Amino acid sequence: MLLNQFLLLSAVLFCIGVYGVLARKNGVLVLMSIELILNAVNINLVAFAALNTDALNTDVSGDVFALFTIAVAAAEVGIGLAIVLLIYRNRRSIDLSEIDLMKG
Amino acid sequence: MDTIADNNWLLTVLVFAPLAGALVMALIPQHDEQSHKQVALLTSLVTLGLAAFLLIDFDYGSAGSLQYFVDTEWIEVIGAGYTIGVDGMSLPLIALTALIMPLVFVYSWNHIPEPGNAKAFLILSLILETGMIGTFVAQDLVLFFVFFEVVLLPMFFMIAVWGGENRRYASLKFFLFTLFGSALMLLSFLALFFLTEAETFNMLELTEIAGAGIPRGTQLLVFGGMFLGFGVKVPMFPFHTWLPDAHTEAPTQGSVILAAVLLKLGTYGFIRIAIPMLPEAAEAWAPWIGLLAVIGIIYGALGCLAQTDMKRLIAFSSVAHMGFVMLGIATLTDFGINAAIFGMVAHGLITGMLFFIAGSVKERYHTLEIKRLGGMLAQAPRLGWILGFVSMASLGLPGLAGFWGEFPAILAAYNPAGGLSEEVFRAYMVVAAIGTVLAAGYLLWLLQRTAMGEPPAEFADDPNIVDVSTTEWIAWAPLLLGIVLFGVAPGLIFEVTDPAVGESLHKCLEAGCQAADLAASSVGGG
Amino acid sequence: MSFLVALAESDSVPTGSTVTDSANWFLEYAWLVPLLPALSFVGILFFGKRMRYKGAELGIAAVALSFLLAVCAGFAWLAHHDDGGYVAVQKSTQWLQSGSVEFGAGILVDGLSVMMLLVVTIVSLLVHVYSTDYVGDDKRYTHFFAFLSLFTAAMLFFVLSDNILQMLVGWELVGVCSFVLIGHWWEEKPNSDAALKAFLTNRVGDVGLIIGTIALFFAAGGGRTFDTVKINEAIVGGDVSQAALVVASVCLMAAVMSKSGQFILHTWLPDAMAGPTPVSALIHAATMVVAGVFMIARLYPVFFEGMQIGGSSINLMATIGAITLVFGGLLAFVQDDIKKVLAYSTVSQLGYMVMALGVGAWTAAVFHLFTHAFFKANLFLGSGSVAHAVHSFDMKKDMGGMRKFMPKTYVTFIIGSLALAGLFPLAGFWSKDEILVGTGGWGLFGDTGGNGAYTFHLLMGMFGAALTAAYMTRCVYLTFHGEYRGGHDHAHDEHGHEAHGDPHESGPRILVPLYILSGLAIVAGFANLPGGFQLVPDSWTERFGHYVEPVGSSYFPKIAHATPSWSLAVVASVVALGGAVVAAYYYFVKVDRLSKETEASLTGLPDGLSKSNRLAGAGHRVLVNKYYLDHFYERVIVAFTKGPLARAAYWVNQNVIDRTVDKAGETAVLAGRHVYDIVDQSVIDGFVDGSGRVSDATGEELRHINSGKVQNYAAILFAMAAVLAGAFLIIFAL
Amino acid sequence: MSLLAALAALSAALSPDGDLYVAQNVFFAVIAVTMIFSALRVVTTSNVVHAALWLVVVLAGAAAQFILLGSEFVAVTQVLVYIGAVVVLFLFGVMLTRASLGDDESVGEEKRGMAAVVGVLLFSVMAIALIDSFEADRLVIDEPRSVSTVSDAIFSQYIVAFEAVSVLLLAALIGAIVVARKD
């Protein structure tokens, strides 16, 4: 296997995730797209861990980082959903295009 | 390079003391404004004390080399170190920062801008201070970049939350511009890292290498990235449009910090990073930098003449003044760069002071529209006189600090570094000299319209219009004294910067850059 | 008495050098002279209001002490000169260091600077005393004295400078003090306008000064020095390229033109009369305006070589001076304001000095500076005394017949006028005569020598002498003779008083300075009696030149000296007298009779031929409008810079540069949309919609970026990241 | 039995030569295509519940890729945490916000175009960079990395980060409660 096939897969997923983040209006869907991005990153990390592992050398940093990312993602989803919930409660909508508190 | 063994803690403490203060403040409940103010002021005073100790303890005999040097591993993987140190180039700027911040806090004592929330405001200011001092001591590109960016966010919030009517627009513009610039800058840093064989972010090593081994075309591009990054911050002529908006909308304290210190990060980057690390590219870029600088001088001045708002006028004058600083840098001579550093400090004192005044005027008159003001000398004579005094300093009156930033820069342009065209720079010199006339024009015109004449009817009996208050005096006196002191004894700064600048340019010379051959080019004329 | 001891000390002069750093105490410590008024400025500023006489006493004491020190320095210089010849005293210390070049600060004491110290301190002292009465009830009395002190200090600092950088500092300080003092009554717009005009005009000249200074810095000798002596020595030694000198001298000339009110940049000077009269006296007699003349004298080698004065018959400097002296004199004719007459007279007299320097008559120029200081200060203070009495400066409306009310002022004014007109044996006669001799253009009864044959300038000088005598006659007539025309309805004068009753003589604090100055106006001329006439012992002649002109010193060019000529002296006197007589006939006889016959007010009376002759009328109009120069400056240059040019620049800023940026942001955001639209075959819809957006956006900049929607920010963020990464790739590929 | 060994056995059954590497490539391709398709559905479907389900497919695919890369522990964690917890959380979120099941969300076309351009731009830059940099790197995975190696690394080299993550999780837990609670 080539390293690149994993990396390119990851790039595709990443960009799809970006597309989702930019294009979706529903807050929950945006969060899902973010999960896509994080997963793309994880694939990258694990692929590099595999690259660095051979008979002489077992550097599993990539794996460890992927685990951390999963943990952080879990935390992020928790908080993100809580926020979405709150917004929904306050505004009866989770349409991101209506959320323009930062508008000048 | 490890010149000094002890006292190594000093710089680290100096940099992070404000942050520690901010942490302490984070623990104090929000409604207890008084203690917030006290802690903030105390922290900045401690920092000032440390800076004062630094000033005293600094070995002026070897101002050309880095002192209090610390070089610790930080992010091993990418070769970034926690490398800090201070030499004659950064010392005045550190002192300036440490001086300005307590004054800002004194001023904040009873001038917390709308919508209040002293806690957040002061914490942001303290974070700013850490970022600014950190930038001046960093000797590692990554560290430099981190501090450089640390400055950005607090300023953004300061404008966006405590700004004037149009604050969202101004803050966003500020943010996007600077972010854009710093992204390019980061790119250039990375390019330096990879393209020089050294694979290091250590600024000393990169200065030693001075771009050796990088093809000329690439050097030019990399310098271009830094040019944009630093030039936006300065701001240089076509990238300046964020400045008037940011200044106009920012709260007084924000304007003061912005003018006094933040703009200097850009020019400091030029003399600390861009020029020493890529001397060859610097030489190729210098005429263009000079051109933009003199355009900035004239353009800023003309912009000032067209203004109807006092604060906006002062903001535009910054463009002109930083033009002088950049002109000095563009000459690539030690005269010019010394002048630039002096110009930075002087501009910090003077324009900072002008913004303080603008803030106080706004507070009294509730407007900064020049047409509506007038007769300040009659109603608040001391305020009027201070405005007059600072205007004089700003227009480069000899004997006050502004002069020593302008005149030596013009002087340097007469005889730029060896490889640069004398004709071109002499043309710049003449244009810059004409710029001084325009500077006198807009400042005196401002003075005449705001301070002289009879007070306008709408303010004639306004009880709000009182003379300078005690907190204002305390906040302003050091600046006013500084303007006089450095005007009368410019040697105080020049003698610190000169060895460092000489050292820095000398390295360029060794690295094969055709910088000024000082002895040979002595006979100028015609 | 320590200073007597110090006076008695002999000086040690190293041989072979014309500059020493050790000399008599009073010469070495001459820096105390400017320091005292400077300290008094600080003192008055901070404590003046709390003092008994509101700070005036401190100012007077400081200047008086300075004056004493200057007198002692004068005596010390005489002794010093007698002992060892013309050896300047230079004390210098490091001021700053940049680019491994040390910039010094110090004093250069020689005959020229000692003479200036004396003139400045005595005039300033008298002006201080005079002011205690004149502005006695002004609301900013203390402040006035503070700046009077600073003004004096700045001028003294300037004349003592041993390097041009320091001179630049003093030069500008003088300018800023004049700004403050001219604008002393800033409540009135014309006053602040005048102050602004003075400062800005000077600033224009300063461009020349800055460039000239820098050119000298790099050009002279070993290079990179501001030291006056070193620069001068290098030039005298021929180490400096002619091109550099031409550039430097022309640039410095521009500075002189603005500061010393030479033609085309003189317009600020009459306007500066908006300031209080004592200030006018100080500015126009002893300090500010002669700074330019002093600078030429100090840096004479630069001009002598740069303008190629020797052996020529025309050069820029002499010609500017000559034009100024005639044009200024002509303008003095049409003024109704007594101070403006004197102001234009000053312009004209400065023209004399510059012309004298331009033709190589160094001593004559400096001597004229010396005498002019006294009689012009006398005249200004005299005019102030009159104005104090009638509360107006308008000669035609509010004066006339004043000699009845103010006989003492009248006498002093007459002395000053005669001295100014250059009538024997008053001060002006001697100095003016020397200038005329110095042109070297007089060949009627034998050549007078000199540096060239400046015949044209001699003729202009003669004409100017006649003019001077004539306009002073007019001024004296309008002010002191005829019937008193004042006392009718009065506007507020500069003090805000109403005039009441007949005018009366001024008090002693005004009169005593007038007496002293008119005394000096009589005797000052004897300081430099021409040699070679055998009227007086040789040891009495040319004392001034002997002690002041740095002949034989290493920093002074070798200039030729003209021989005095009997014939020229007589002819010049006759010409001046002729001017006075013609004017006297016209005013004292014709106009007097006319006004008595018709009982018409003088306001309606013509000055000369202007009513009867069209050409003369046109000339009169040109003069009244000051050659339309002010129109040109204000309506054309200033208005253009302030108006269209500044507005255009701002417009470019808002609409081109800013808009470009906004558009770039907008485009970045809209790019996706437009691409999509095109892909979606709805080209027309997209176009219409897009153009609508664009036109919307013109009103509200950055609207789309600034829509506040998170996702737009994110889009920009990602897009920028992609673009940057792309840029990085490209750099790597290179 | 390790999953990788199972894979080898499977591939032996499929191809007579029993070439593990060919099998790996085949599996990669199949899984990758599935993932990309599902990911596209996630970001394009108008039904939120469907999107969550498609997400499950992507996450599962990722887990499979981890196995291919010899990182079994990560794969298992992925299944447990992501599919087991996160997706469930999402479904709860959907229910709580009553984004009524099967609700169409109408996305502005302008936004889609913009997002697509950004995505494509980003991808092309990344692709160029990746192809340029890692052209030659091959992965040779014969046996999985043991859990013990990973745990050694976590509890020695990365202990500080590990602790930090645990604090972060705690903070997130508390934060989520604070943010979402009703009063």
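Every chain is named by a letter (A, B, C and D) in the order it is written, and numbering of its residues begins at 1.
By our rule, contacts are C-beta pairs under 8 Å (C-beta built on N, C-alpha and C of every residue); 3 or more make two chains touch, one makes a residue touch a chain.
None of the values given here were measured: they were computed from a predicted structure.
Asks: Mind listing the touching groups among the other chains when chain B isn't counted?
Replies: Without chain B, and with every other chain where it sits, the touching chains still make one piece.
Asks: Find the chain most remote from chain D, comparing centres computed as mean CA coordinates.
Replies: Taking each chain's C-alpha mean as its centre, the farthest from chain D is C.
Asks: When you take the mean of every protein CA atom shown, which chain's own CA mean is nearest to it?
Replies: Closest chain centre to the overall C-alpha centroid: B.
Asks: I'd like to verify one number: the distance from the centre of chain A to the centre of chain B, where each centre is the average of its C-alpha atoms, in whole angstrom.
Replies: 40
Asks: Nearest whole angstrom, what separates the Cα centre of chain C from the Cα centre of chain D?
Replies: 82
Asks: So how far apart, in whole Å, are chain B and chain D when each is placed at the average of its C-alpha atoms?
Replies: Averaging C-alpha atoms per chain gives centres 48 Å apart.
Asks: Centroid from C-alpha atoms only, then distance chain B to chain C, rounded to Å. What do you get?
Replies: Computed from C-alpha means, the inter-chain centre distance equals 36 Å.
Asks: Return the residues of chain A touching two or more other chains; collapse runs of consecutive numbers into ranges.
Replies: Each of 18, 21-23, 97, 102-104 in chain A touches at least two other chains.
Asks: Residue numbers in chain D touching 2 or more other chains?
Replies: 111-112, 114-116, 118, 122, 126
Asks: On chain C, where are the residues touching two or more other chains?
Replies: As it turns out, chain C has residues touching two or more other chains at 706, 708, 711, 715, 718.
Asks: Which bits of chain B are touching chain C when the two form their complex?
Replies: 168-169, 172-173, 176-177, 179-180, 183-184, 187, 190-191, 194, 215, 217-218, 221-222, 225, 238, 241, 299, 302-307, 333-335, 338-339, 375, 377-378, 388, 392, 397-399, 403-404, 407-408, 410-411, 414-415, 429-430, 433-434, 436-438, 440-441, 444-445, 448, 451-454, 489-491, 494-495, 498, 501-502, 518, 522-526
Asks: So in the complex, which bits of chain C are touching chain A?
Replies: 706-711, 713-715, 718
Asks: Taking the complex as given, what residues does chain A use to touch chain D?
Replies: Contacts found on chain A: 1-9, 11-29, 31-33, 35-36, 39, 42-43, 46-47, 49-51, 53-54, 58, 60-64, 66-68, 70-79, 81-86, 88-89, 94-95, 97.
Asks: Can you name the residues of chain D that touch chain A in the complex?
Replies: So the residues of chain D in touch with chain A come to 21, 24-25, 28, 32, 35-36, 39-40, 42-43, 48, 51-52, 55, 58-59, 62, 65-66, 68-71, 73-74, 77-78, 81-82, 85-86, 89-90, 92-94, 96-99, 105, 107-108, 111-112, 114-116, 118-120, 122-123, 126-127, 130-131, 134-135, 137-141, 145, 149-150, 153-154, 157-158, 161-162, 165, 168-169, 171-173, 175-177, 179-180, 182.
Asks: In their shared complex, at which residues does chain C touch chain D?
Replies: So the residues of chain C in touch with chain D come to 669, 671-673, 675-677, 679-680, 711, 715, 718-719, 721-723, 725-726, 729.
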